[in-house]
Amino acid sequence: MFSRVSAVAAIAMMAAVPLAPAMASELRVGFTLDALTLDPANHRNRQTETILRNIYDGLLTRDAKMKVVPELAESWTQVDPLTYDFRIRQGVKFHDGSTMTADDIVFTFERLTKDGAMGGQTSPRKDLVGPVESITKVDANTVRFKLKEPWPILPAMLPVQEVVSKAFTEKVGSQGLATQTNGNGPFKLVEWRKGDAIILERFDDYYGGSPDIAPVGKACVDRVIFRIIPENASRVAALLAGEADIIAELPPYDMKKVEANANTKVMTVNGTRSFFVALNNAKKPFDDPRVRRAANMAVNKALIIDKILLGTAVPLNGVLSPDAFGFNPDLPAYAFDIAAAKALLAEAGYPDGLDVTLDTDGAFKDMAEAVAAMLTKIGIRTKVVVGEGSTIRAKWAPGGEKKGDMFFNSWGNGSLDPADIFVPTLRTGDRGNTAFYSNKEVDALLDAANVELDQVKRADLYKKAQVLVNKDAPWIFLWLPQDIYGVSKRVTGWEPSADSRINLHDACVK
Amino acid sequence: MTAVPNDAAIVRERIESPTGQSLRRFLADRFSAAAMGIVLLFVLLAVFAPFIAPHDPYETDLFRRLQPPAWMEGGEWSFVLGCDGLGRDILSRIIYGARVSITIGLAVVMIATVIGIVLGLAAGYLRGWVDIVISRIVDILLGFPYLIFAIALMAMMGPGLKNIILALVLKEWVVPARVVRGEVLAAREMEYVEAARAVGAPRRYIMFREILPNILSPVIVVSTIRMAHVIILEASLSFLGIGVQPPTASWGSMVADGRAFVLDAWWVSTFPGLAILALVLSINVASQGLRDAFDPKFSD
Amino acid sequence: MKPLALLGRTLQLVPVLLGVSVIVFVMMLLTPGDPVEIMLADQQATPQQVETMRHDMGLDRPALERFGVFLGNAATGNFGLSFFHRRPVFDVIAERLPATIELTLAALLLALVIAIPLGVIAAIKKNSLVDRLAAVGSLFGISLPGFWFGIILIILFAVHLKILPVAGRMDFACEVAPVTYLLTIDSLLRGRPDCFTNALSHLVLPALTLALPMAAVLTRVQRTAMIEVLRSDYITFAEAKGLSRRRILWRHALKNALVPTVTVAAIETGSLLGGNMVVETVFGWPGLGRLVVESIFVRNYPLVQAAVLFYAVTYVLLNFVADILYTVLNPRVKL
């Protein structure tokens, strides 16, 4: 007994020794991918955004419940369907000590929306700001966005844009902004060790962040390190060894281990990525809704969620996350029923079953294989074909040859607004419509929702469209996985966010 | 220069009797013979996989997910080596996986050797612009890292068994081609070749009937060694996710699948890797035996 | 080395690099998948956005023109912008290169340290137990699939024994301002021996995984060379002169027997460098190999082009170095 205690003590001491006793509090995040660039306007990459969002703030942001709230803006008003006014917060400092003005806001958004505004290049984020006509300074404290056409999701999309300093950007140029920062966020850049780590330290003149998200004030920790560890096993090991305080994308399989460890815990939040199997609605056999419904009945979602995802996902009966705007909670579920599925398949003219292929990216191979095994049981004999993401994407492009049978697919919806997932994946011919689904009624509802300014009416339009899609079953509806984080128990004040950002302003370490 | 028939007789003697001797020498080396036996065992496993494998290698059973090997707690003897992340029997998958490795290894090396022999002979014997063109292509292909070349080709052609074989062949032929060219350059100055040329034998006849049989044994030795390399390369491609299609088991992709569970379900990666090691090691031992038998000057 | 031979070698590079460029370009042209679609991934994007991005990347221009522009720029050392990073390809590669170089050098060093003594002893004590073990060992070495062996090493040393880290180049606690960007060397230069050990402990497993197959080959080369040297006349002569056996072995014989080993090592370093991606993947090593594989997947053409050119240049240069080493170390060969 005694020896066991001393062994534990020895291990505890060993764990403490290799890390040089840090005077300053330091929080380390084990992250999956390095930032591609440090220029907030020159990427379309979630991981890059997650890192940058700790250095830069946006006009607006989201609280823990995903509600859009002011950040660098003090408030905003919609003057008419095409005009938004933003009141700029006073006394916001950039990391170099200069004061942010309305000019910086105008500059930032012109850089995002004007062709060739980034040293000859156009921002790849341009269309995330919507159909902007002009951005003007009304007075020292007000900036006005004028749109070409109504676009009700503008406020929902603004949290993904970060505000840069006009003077600094003009000094270092767009090339310079790729590796240097002069942000206005809670942390400033110390060093970017590319491919390895991004080291940040607290910005002491921080204005405090959004007043709607307590606590307001300087960041809690002195330093933050985003350490890039793409390998899952390594990330988990780093957490268990106490080298990392927060790790992103904890594999479900390793949750038990993290829970069992005395110093770590698992934190989850509903993600924003809907998984589904796109069925080729334009071609036999899946042009027949009965076959599509049979496929939906064949898949035992509950079992896969239970055994492979270990309970970390919500089953879906449609396209939207339960947290999304306009989610319809009353959609009927396709219950798992082998006999009924077989009967339906026979009714559709396939009493002896049929042979099809299921395309998937290597990352989802095991889940695709599990789904395929279940489909095979009712007579939809499914062969899984693992391809490279880009090859499959080309094969399933809405403008392509439409030759595939099934595609194990997913779509992220960081804004949690249907405009960002429902429209692209299910509107006739839209760019993510990999099922080649076309229903005029659905199109009409989606188009109407896109310009509807009354939010209650808009939600209602989406709810109606969901009922139609559920009945047509253009996909095998699968699930919405949770984002899983492994967190050290010495971290307080931090909650995972549904938009998969890791905001560290409020996080403290003991 | 003596009469032709006489020389031809000498040539014949040179081909036949040393080969017989070499084979005898090879079989006498018990170590190599045993390795050859293991290779044959793998071939039998591959051919008769449906009769040998205890379970359907594709049958998933999520209730057996990551079941440990028989001798561990929670294991059972009907699933000796345990189950993978979808509850499939690892032993059965390894037995079926032998098909992939052996098919690809054999196909790639055989096709590449044939191409290499033809181009190597042409370059080495015809010289001139033929040699320059072939040698330049060889130089260019040598500048590519093997895996990057294969991955880029697979990205272009898409996945599948035939495409992996093609991707590997397109780079692999360089190896036998260089060996053959080197041997031909040496052989073309030999007496028996000059003799054949002197009597006006056609070029094709000299290349394929006179030179080829005499340089074949080093080529075969190199090819067997390369087969071991090719099997590892295929496994590496599968490991990187660019291999044969599921649910077909490939040893490389099985190791890759197990990597997610490396912290405690060690068996998922370990056993298929051991299978690669066993097969490749046996081929290497056997080919070393072959080399010693055919080329005694190396055998100290 | 005559300057003329040097010039000849340099000129030989040109057709190789041109051929490599053409092959990569044609492969990329025939490969399905659109880099713009991949960059936008599953975010809603307007057709105009797709159009402008394609224009920015120059993808709207005819293939031949694109290839011409690439060649013209590459000749002046400008490889364009990485599609995915939207920063100069040169910078992106340069950021990843030190990790790969450090790993490759460590593996090379390790392979030499294992192979040379082992090969020499095996040669001196031919057919002894050591010789047999070395032979079996090198057979194992060339038969090991690196990706699997790396995982086994992780299971053993990092998961069970917990004496070495699972992945990465250095711990959080160590922050060393870069000088050479090789972390082991930098931590020494900055007077941080603790960080040096730390970096070294991260380096051991991947370097070992990479080194073993090479060590296996080099051991054989070393052994054969040593046996041949020991048989040669001047060793017999030295023995006759009454020089001590130790002196003969380590001063005279080894010096000559090292030539083939060093030559082969230089050539093999090329394949070591180009074969890194598997080990980098297993150990989460932030090197060039993985970047290139990822770049193929996301159709980041400019980066793949430049990286393959880099590999081809190093391959040719290393062969060149091997030739020079062979001449310099071996007084009997004149080039």
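For clarity, chains are labelled A, B and C in written order, and residue numbers in each chain start from 1.
As a working rule, contacts are C-beta pairs under 8 Å (C-beta built on N, C-alpha and C of every residue); 3 or more make two chains touch, one makes a residue touch a chain.
In UniProt terms the chains read A = Peptide/nickel transport system substrate-binding protein; B, C = Peptide/nickel transport system permease protein.
These figures come from a predicted structure and were not determined experimentally.
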Chain at the geometric heart of the assembly (C-alpha centres): C
More contacts between chains, B-C or A-B: B-C
Rounded Å distance, chain A centre to chain C centre (Cα mean): 37
Geometric centre distance via CA averages, chain B-chain A, whole Å: 45
Centroid spacing, where centroids are CA-atom means, of chain B and chain C in whole angstrom: 24
Residues within chain C bordering two or more other chains: 31-33, 154, 159, 281-282, 297
Overlap residues in chain A, where contacts from two or more other chains coincide: 233, 237, 388, 390-391
Multi-partner residues of chain B (each touching 2 or more other chains): 155, 158, 259, 262-264
Chain C-touching residues of chain A, taken from the complex the two chains share: 18-20, 22, 26, 28, 34, 36-37, 39, 42-45, 115, 121-122, 124, 126-128, 175, 178-179, 191, 193-197, 199, 225, 227-231, 233-234, 237-238, 241, 243-244, 388-391, 393-395, 397, 410-412, 419-421, 423-424, 431-432
Complex interface listing, chain B residues touching chain A: 58-60, 62-63, 65, 85-86, 155, 158-159, 241-242, 245-247, 257, 259-264
Chain B-facing residues of chain C, complex: 12, 15-17, 19-20, 23-24, 27-28, 30-33, 126, 139-140, 142-149, 151-152, 154-155, 159, 224, 227, 271, 273-275, 277-278, 281-282, 292-293, 296-297, 304, 307-308, 311-312, 315-316
Chain A-touching residues of chain C, taken from the complex the two chains share: 31-34, 37-46, 48-50, 52-53, 56, 84-87, 95-96, 99, 154, 158-159, 165-173, 175, 178, 194, 198, 281-284, 286, 291, 297-299
For the chain B and chain C complex, residues of the former touching the latter: 136-137, 139-140, 142-148, 151-153, 155-156, 158, 228, 232, 235-236, 239-240, 252, 255-256, 258-259, 262-264, 266, 269-270, 272-273, 276-277, 280-281, 284-285, 288, 298, 300
